[in-house]
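The structures come next, written out as structure tokens.
Heads up, the next two complexes both have chain A, just with different partners, chain B and then chain C.
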Partner chain A sequence: MFGHYDPLELIFFSICAVLAIGGALGTILFPNPIRGAMSLLFTIIAIAGMYLQLHAPFLAAIQLIVYAGAVVVLFLFVIMLIGPDSNPPHDGRGVVVRTIGAIAASLFVLQTILVLSHKAVGHLPVAQPGFGSVDAFGALLFTDWLVPFEVSSFLLMVSIIGAVAVARGKQPDPQAEPAKADEPPAAPKELGAATKALKVQTKTGAHA
Partner chain B sequence: MIPIPAFLVVAGILFGIGAIGFLVRRNVIVALMSIELMLNAVNLTFVAFNRVHAEAHTGQVFAFFNIAVAAAEAAVGLAIVLSFFRLRRTVRSDAGDLLKN
Partner chain C sequence: MSLWFALSPLLILSAGGLLLMLADAFSEKHTDLALGAFMTFASAGIFAVALWIMGGVPAEVAKLVAPWIVLDKFTLFFMATLCLGGALSSLLAGGYLPEHGLDRGEFYALMILSAIGGVLLVAAGDFLALFIGLETMSIGVYAMTSFRRTNPRSAEGGMKYYLLGSFAAAIMLYGFALMYGATGTTALAGIRDALASGSFGYARDPSRLTTVIIAMAMILVGLAFKISAVPFHMWTPDAYQGAPTPATAFMSVVVKAAAVATAMRVLLVAFGDKFSSSWGAGWPPVVAGLAVATMVVANLIAIRQENVKRMLAYSSIAHAGYLLIGLVAAWGHGDPSASRNGKAAILFYLLQYTVTQAGAFGALILCGSKGKEAVSYEDLAGLGRRNPAVALPFTLFLLSLAGIPPMSGFFGKLFIFQSAIEGGFTWLAVIGLLNSVLAAFYYLRVLVFLYMKEPQPGAVEAVPMKSGYVTAAMVLASALVLYFGLMPGRSLDMAISAAQSLM
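Up next, the complex of A and B:
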């Protein structure tokens, strides 16, 4: 099926496809999440290259700015904030989930074969000169898609506030009574159970 | 001109890898990255089909909004991961068992 195509386009697409799939495999296979995030970066850059081939230069730029510039950096921030605990030992799940994963994988291989054998989408119309450009995109966003655009800005606002509220956790209240502030912070549940067990042990030891 | 099915196949493989990663990995951060992989695969499908129906930008605009929603989802998801880590001192997803029993 690749007989009569421009060799440069073919080479560019092949590099992008190999980078995308290799990066995706690295994302889920590296035990260390920092390497996973770096592999995700490769996948995102490769997908931006594919957007360029599909006459979507504006989306390619957005992909690089938002994903490579913001989302992956956010992932790296969180991984570094969590530190070595972000790489817990004994990753991977039981037989049932692995079987489900294998079934899903084979289903997708089947799907790709079906798509490949489908010839109806082979003919491509010639794209208009401004197709996918910033001009065409901006004109559409502020006319036909104005309401979704505004709603998405509202969504981003809500998610900013939500992220701050969730990640901040419970802060000590400055208005609280000083007696309460002097108390040590409530121990986590497991710690509380451990101290309780320890107390029981010491009690029984005293009895003996 | 690269045929559209080639892009669709790459998108399908990416989505499959993302789904497997989400199902198999226990690390919450890696699960979130797998979700990003799946969203990227869907975006690639949108843009590829928009290339077939090139008379309008609908697929590209949808991919654009998808990217916005994915960024919001990543921010909130990572905030939840941080909060979860503060509670449990681990990022293993099976440590989140407060509702068990």
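Up next, the complex of A and C:
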């Protein structure tokens, strides 16, 4: 099965695989959310290692920068903001949710078996040498795809300004109260309930 | 013609947006940013019109940025329309924001950058550029919706819009990826060629066909969300109601026009081949179903609203339904004349809808002032007698929304229904017509309150605000509504010419 693999490659792959699966198990099994997030980090780094082995160094670097560098840090930020101990002590999922989860999981297993047993696996097209390298990617990005690359600066710009605008909007505005009192008493019911829920949330947020 | 001139509307918008932000940051005194934003939009729009008058962008210049940015007459038409909508919204913001204590300069920068996203979206000839444009436009609008974060309604609307919008964008992106997997390209024209070519072999490879259909469905979901067609409209009333009213006006004209234009480009260009646009297995029956559901559901809910802004939100969903009829007519069973008229009808409808809808929200702004806002129908009671100058433009825009001649809305609806009948969709035109009658009920109800009712004794009365900016917007929008209504010929010719360039 592993006949055409270099033994060194096999060892590297095994380390990555063990780390990835162990990290994934840790993510779902640790009751402490911070440990869960750190386990996720292991999975992500291990997958980056697998990309390296597949000769996709650029993908590996992006995996580290985006997932390990940004996504997991964001998770940790949120966990720290909420407080690491605020996880509910009991599992709130009911029978229905568990059943749906079990069905989804078995479908996934079935799909994996079907895909692996398909005769096309093993006859997949082979990428050309240099495909997915940093050089090839950079050349494409700064020649053919230059326009979308430049245009994405608008996207970054609007995200920055949007974040600032929303964050500044929190400053209490001295004249805001009378406007609120003027809202119609006969507001539709769903909205009223949602607004109340939001108010409660802000209150609890302030206490925490 | 140099590329600089060809891209001038886009460059003016970006320079204007950045300059306004710097002006806001470095000026110590109060600056009139609204005027700056208006000038930015107006000059970008004028440059787009100038490019049009010079006969459009020559092919050898346009190909420098193709397929990312397609500079055809269709794009120029929408650049001008979006800039018109942006200009009116920035005038409304100039009156609304200071009155309600929200006068922060980021609003104008967000509006302009969001409009840039809209222009890129309309011009995109490739799924990648399309997605960047879509996100640029949407993120700006999410931030504008939650601009008044201390208000729970604004926060709720912004949060809902952001979460659902991101979800819809992710579904759409998945569709793009599947389409790339099936055809090997992300360019719209390339996808059309791949789907139309015999070598693609629908018959020979059914699994590929399944991929194409799933991808098409996912892309349709994303587009329907942005157009706010039923059943993807859930965010619309809350976001429209929670957002500051100028942002609502911007969303309902600029975002809607850009989304409809994108839907036209994607469905009629990329999925314009014989198979994906067949009545049996393609997108037209789905769009027809969406159109019927959108019109019926939105109009029925709009009738039950007590809040005028929420009613206008549902009415904006209903108008998306009429536009979808136009989209089916623009396919027109592949008949070129019906197809051209259908496309032109959508373009004209969007042009007149931009001024009408922005005007209607502007009139609503003008009806109320700080602490005495016009929220429900009751608040408007008797305003027609107390303040005829405020009630008159409101009347004009509502009549236009209802489609009563000689307002522009009449011709907008007429062309749409006419092209539907020509394309062989008489039943759609009939449903649309019945819905227009239904819609007239809640538009005219506002007029009844304005002119024929007196406020309840002791009730809070809406006191109209005074603002030069909003008044200017009212004058501009009223003039255009009457112009499009009395002399639709010239703009319809432009719409036809733009429709012909879409391919």
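Basically, the second predicted complex is superposed on the first by the 131 of 208 C-alpha atoms of A that agree within 3 Å, B and C clash if a C-alpha of one lies under 4 Å from a C-alpha of the other, contacts with A are read in each partner's own complex, and residues count from 1 in each chain.
Rule of thumb we're sticking to: a residue touches a chain if its C-beta (ideal position, glycine included) is under 8 Å from a C-beta of that chain, and two chains touch if they have at least 3 such contacts.
Just so you know, these numbers come straight off a predicted model, no measurement behind them.
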item: Partner chain(s) touched by A:135 [first = chain B, second = chain C, both, neither]; value: neither
item: Touched partner set for A:159, first chain B, second chain C, both or neither; value: both
item: Partner chain in contact with A:59 - chain B first, chain C second, else both or neither; value: first
item: First (chain B), second (chain C), both or neither touched by A:21; value: first
item: First, second, both or neither for A:169, with chain B first and chain C second; value: both
item: First, second, both or neither for A:147, with chain B first and chain C second; value: second
item: Broader residue contact with chain A after superposition on the shared chain, chain B or chain C; value: B
item: Chain C-contacting residues of chain A that also contact chain B; value: 145, 148, 152, 155, 158-159, 162-164, 166, 169, 188
item: Chain B-touching residues of chain A, taken from the complex the two chains share; value: 1, 5-6, 9-10, 13, 17, 20-21, 24-25, 27-28, 33, 36-37, 40, 43-44, 47, 50-51, 53-56, 58-59, 62-63, 66-67, 70-71, 74-75, 77-79, 81-82, 85-88, 90-93, 97-98, 100-101, 104-105, 107-109, 111-112, 115-116, 118, 121-122, 124-128, 131-132, 136-137, 140-141, 145, 148, 152, 155-156, 158-160, 162-164, 166-167, 169, 188
item: Chain A residues within the chain C interface of the complex; value: 145, 147-148, 151-152, 154-155, 157-159, 161-166, 168-170, 172-176, 178-180, 182-184, 186-188, 191, 194-195, 198-199, 202
item: Of chain C, residues touching chain A in the complex; value: 14, 21, 65, 68-69, 100-102, 104, 106-107, 109-110, 113-114, 116-117, 120, 126, 128-129, 132-133, 135-136, 139-140, 142-144, 146-153, 155-156, 158, 238, 241, 305-307, 310, 370-373, 375-376, 460
item: Chain A-touching residues of chain B, taken from the complex the two chains share; value: 1-10, 12-21, 23-27, 29-30, 32-34, 36-37, 40, 43-44, 47-55, 57, 60-61, 63-65, 67-76, 78-83, 85-92
